[in-house]
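The same chain A turns up in both complexes below, where it pairs with chain B and then with chain C.
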Partner chain A sequence: MRPLASLFKGWFLIRRDLSSSRRLFLTAVSFILPLALWCFVSYVDWIWHPDIKLQLSSEREGNSTVFTAGDHISPGYYQEMVVATRAENTRLLASTPPPKSSKRANQKLLRQLAPVAISHDWLPYTEAQNDAVIYHLWRDIATGTKVPTDPALTPENLDIVKQNWAQLAPLAADFSLASLPETPLLKLIPQGLPANPVYLPAPHEVWRSGWRDFKATPPEGELSMTQRYQHSLRVILLGFFWACVIGVPIGILCGVFDFFSKLFEPFVDFFRYMPAPTFSTLLVAVLLAGDAPKIALVFIGTVFQMILVVSKTTRLLDPSLLEAAQTLGASPRQMLTRVVIPGILPNLYNDLRILLGWAWTWLVIAELIGVKSGLTEFIETQGRFRNFDRVFPVIILIGVTGFVTDQILSWLHGIIFPWTGRGNPIAQAFLRFLFWPFRQLSKLSDRAGTPT
Partner chain B sequence: MAAALQLPSYLDQSPEVAARFQRLRERPVALEVSGLTKTFETTRGTVTALSDVSFSVHKREFMCVIGPSGCGKSTLARVLAGLEAPTSGDVRVYGQPVSGPGPDRGMVFQSYTLFPWQTVKQNVMFGPLMAGASRNSAESEARQWIELVGLTKFENAYPQQLSGGMKQRVAIARALANQPRVLFMDEPFGALDAQTRCQMQSHLLDIWKNVDITIVFITHDLDEAVFLSDRILVLDPHPGRVREMIEVPVPRPRHNDQLFEPSFMAVRKHIDNLIHPPGQDHQKESPVLRLVARDPDVV
Partner chain C sequence: MNPNRFLPLMVVAMLGLACGPGRAEPLKIGYSDWPGWVAWEIGIQKGWFKEEGVEVDFQWFDYVPSMDAYVSGKIDAVGMTNGDALVTGATGKPSVAFLLNDFSNGNDMVVAAPGIETLADLKGKKVGLEEGFVPHLLLLSGLEKAGISADSVTVVNTPTNETPQVMASKAVDAISAWQPSSGQALKAVPGSKPIFTSADAPGIIYDLMYVSPESLEKRRADWMKVVKVWYRIADYIRDEKNLDDVLKILSARVKVTPEEYEPFLKGTYILTLEEVIKHWGQSDDLKTIIGSSKKVDDFNVKFGVYDKPQDLAKYLDPSLTLELAKEKGIAP
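Right after this comes the complex of A and B.
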């Protein structure tokens, strides 16, 4: 009993570190918890699911609003749709002689099955209007060669497929629009499942859309997802790079010399309160379309913060180190290069890490100015169409990129600055591994140097 | 007990000790301070930290500066090292006026001030490298100084991995590697435990014996001052001015047993009286303390 009790003890200690296994556990939980919540809300019907998501839709006579598969509608309206479509079918069967119908109406009717085909990968989603394939699908389903499972057709709809096929069969293998019958076909009854609102797609939908978007070869003249990703990375890295090139030296100078501090910092302090996005139109006017205004926006958003943060970090360097260096005979120039710069590097590195995180915010705004580009353009377009299942993967991608970069940089901190003592054991081992050849060499030269 | 109470006068010097002081006085003057005054302008008015301080230290002398907290000891060390400019008066090292920090005057701070990004060896190499020595010669020089302070095993460790005593030994080696003519030490052992401090004191005397250097050592520890120094400069607080310059009659070489010799106790007691005038303690009224009834065993 005792070990079990100790499992629950000592989780809440004021300002005490937990054991590494408990930390690891909690780190895992911090990611699993929101994921689990998302799954829970998505897959357990009775929690929320206020909408019906159409798997199969139908157009109604005299109703101009068209819903397609994937659309979300209210349960009440769904019922209305089902009842109305059934009524249309009954009317059709009852009327003798059968009314005339246009081939166009029948073509639309055929395409009712397209979404089913797409979700079974029987049809690429770019080919949703390839009637020949869809026509064969009707045959396959009617004859039972293909059995749709996700979504499965209701018995009612299967029946309708068979009845329609009886009419369509004479067309045989050579499908053409012209050969469609002129007697109206029966409409498939709308099918749908309870779902959350569009803005909260289920995990598997997000995964599926993301996978599809990233693998898809884009239509002529459009960028693939990887290209968009690379473009975004390029803009943020260039903007951040220039911010570092300008911001770090000025920041250090401000931190070291009161002259530069008083010369630059008041204006910088003022300038950073003017939100960078307010300059976007100006930047586009000056730098024209293309990446330049975007890079400039990331630059403006980052550089002023950087100057202030770096100068603060520089000022935090223990002044007694500078005094010690002076009593050891360091010239002002040597104090700067041999004491100030190495002394602030570990903190400077962490500052830049945090600023890089902020730069992502500016990137999103930067990609919306001028000619929209990159990942944000995709988010914007898909968001407008309410395709949130395609928006989320991109948002998550940005998050993962930022998080992983930061984790790697933080891990590298221990390797680059071993004296800070924060290096974890793995980093230390890595460092030992990295310097193994040099150690062996220096040992050899030591042995050569000492006469035996 | 009775014998201990009858201490000799602290001015009594054995003939050998007197002769040694005579020889010391004949040496060239290493450090000369005359009329040194230092005031600080603060928001609450002018603070006089040092007022008309004058003294001189001879070559290879070991001098301690002692005084109560806030009497301006650190300020004195900083002015001598050139880290602060005096308000008036001047400081000369071997006749050269001091106008700023320089490698001819080393400084060891209470707070170690080692460069955390450098290993022990790199820290000790710092001074020679600044002076333009080649990497190789600086390194071999540094090795010798590290050996002198007994840290050869740790030459590739970072300061963060060392104990307080070890850090201070590195700081001493780093200051010595510069071969300064005068070394100022501002309470270098203040943060160490009694045991380590004792070891460091013997160690420092060993180094001083072997290296051509004049030391000005600042402390607030009476035993430390008497144990280490040839002469002791006692400072008065508010404003800091020279109270007395005492020649320590304890013969050299020093060792820990001397702590209980009459001559040692005599100087110690005299300085104690200077710094904490008798009759000042035990007079505090303490209306806020909860006093208990007298306990004959607790007195």
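Right after this comes the complex of A and C.
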């Protein structure tokens, strides 16, 4: 009784930290909550679901727009499609003698079952044109050897499969274009399920598309997902690197010498209000298309903030440290290299960690200028074709990359700067392990030095 | 101690930022999502350029940026329509066509939202299209044909690639674009339909490969090889046996499925070497490239796309095609 009651107590403490297990729990919940909401909206049918997502499509006479399985349409239009296809089949059955049809049209008609085969893994998704396998699938479904379950065929469609197979079976056991009938086969009636709008795909669809895209080998001349990812990382890191090379020294100088502060900071302050993307066309004109203008955009977007932040951090250094050094007779150069720089290092590290996150925000704009590239090009193309299930994995990847990098860097802070006292137990244990040999050595030398 | 120590470091860093490698010499060709140009992909993927012994560097662009890249000298040649080549020539950089890929046979469309059945219904409506380029030409010539004044519709300047989204957002009542964008628009708004297409005015839009006059002069032999590869591609596409393979290659480049791509091929009439010769001939109608260009030129001047009529003969050089035809025994 008591332990259960205490579970609900003490969650809301004013200005006091929770226990570490509760903090961990809440961190997990902060991720689980949006995920759960996403699942809820996606998988509970009576919430929203205004569209029909096609599982099986058919081409209609006199309509040049090709809808394929996976496309979203409105329920009204779906009804129109179903009615029109049924009408075509009825007309076909009624007409005597049967009209002529091209073998090609029948070949395409057989491929109507391809999405069913793919969703059951009877066919890899790249092989929607594998007529030999599809032809056997018609046989297997007609004879009941294979029973599709996801999506299951409606009784109406099962019937059509049987009728068509009755026509095909006497002609050839295996697929060949030449032996297809010259009269049209019956068309499968479109099937679909209620779905959310195309811009909100369900979690499993996003997972599946992401998995496919990252595993796929791209056609020649195009980049794989991993290559795109590397390219994006390169743009960010190089932009950030150059920003550090220029920004950190200037920032430190501005923080130490009033001369540089007044010389640089007013202009920097002015310049940082000009949004970096406004320079994009200029950068492309100067540096030509390629990676250079992209890196330069990340650089411009980051460096001015960096100078100001670093100079502020430098100014915050405890003045008593400088006074002490001066009293001990340090030269100005020694003050800079032995006092200022080591003194600000832990804070500088943190500044750079936050600024790296800042640099990431320029990625998308940088990759759009000149020749589109990297992950953004993929997002752009797929978004244009409304394949949002393929866009989300990339967006999530960028988020995860930023988050994980930041967590690792923040964890490393405890290891690199143990004296700031911000290290967590694991970092401290790691550190102890790392320095164990040195401790042993120093102990040994102590012992050797002590006269006994 | 001395802050000047940091200066050389900064200078080095700046230089590093500006440096880029400079190595060249393959023919640099820009191509975009028009089916007649995506067709180059067949030659690229099957290694036919290597077989022919010519080094090419095909660079993929959106259409209008591909012309910008040509104007800025980044590429030697680019796929353009005959109309847009005149616009680019009058306002940017002249070019000369040495290869005629195809004519648009329905792929360029004015797509209208449900409820709009004919061009006449467009009066007082908004149309999204890329101003001054080929979709604009298509709309204006459609309106002219239907006897409607150009002022009676409002044009909303929209990049062709963005037209499907703009159409879906209902910000405009119709759009003018080519495949795959026009098809995407039809899909994005179920029930919408094409109310005027290039099939209603075949020959108004020819698609060609334009090269800078200087590169054609310097590397004529290499461009000849490109022409040879093209007619190998054209024969491959026109052979029905290869349809599935062709659809697979082309659709993958523009990221749609082969089934969706099939109608695009029908809307693009790829010309074989036998067929193309008469289109290089002389006439006043849309049956020849010169006749079509004349129409478009008049049109562009009339609607103020540019001021002065262009010297059309300068834009066309059929000599490479005719040479190949002679070589193959097809009399010009």
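Operating definition for what follows: the second predicted complex is superposed on the first by the 446 of 452 C-alpha atoms of A that agree within 3 Å, B and C clash if a C-alpha of one lies under 4 Å from a C-alpha of the other, contacts with A are read in each partner's own complex, and residues count from 1 in each chain.
Following the convention adopted for this analysis, contacts are C-beta pairs under 8 Å (C-beta built on N, C-alpha and C of every residue); 3 or more make two chains touch, one makes a residue touch a chain.
Remember, it's a predicted structure, so these values are computed and weren't measured experimentally.
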First, second, both or neither for A:F299, with chain B first and chain C second: second
Per-residue contact with chain A, leading partner among chain C and chain B: C
Which superposed partner A:F260 touches (first chain B, second chain C, both, neither): second
First (chain B), second (chain C), both or neither touched by A:V66: second
First, second, both or neither for A:F417, with chain B first and chain C second: first
Touched partner set for A:V339, first chain B, second chain C, both or neither: first
Which superposed partner A:T327 touches (first chain B, second chain C, both, neither): first
Residues of chain A at both interfaces, chain B in one complex, chain C in the other: 331
Of chain A, residues touching chain C in the complex: 64-68, 71, 73-74, 77, 104, 108, 111, 128-129, 219-221, 242, 245-246, 249-250, 253, 257, 260, 287-290, 292, 295-296, 299, 331-333, 336, 371, 381-382, 384-387
Residue numbers on chain A that touch chain B, as the complex places them: 318, 320-321, 323-331, 334, 338-339, 342-343, 345-346, 417-421
In the complex with chain A, residue positions of chain C that touch it: 1-3, 6, 9-10, 13-14, 16-18, 20, 44-45, 58-59, 61, 69, 74, 161-162, 164-165, 183-184, 186-188, 190-191, 194, 240, 243-244, 248-249, 252-253, 255-260, 262-263
Partner chain A, residues of chain B touching it in the complex: 81-83, 100-103, 105-107, 109, 111, 113, 115-118, 126-127, 130-131, 158-161, 174-175, 178
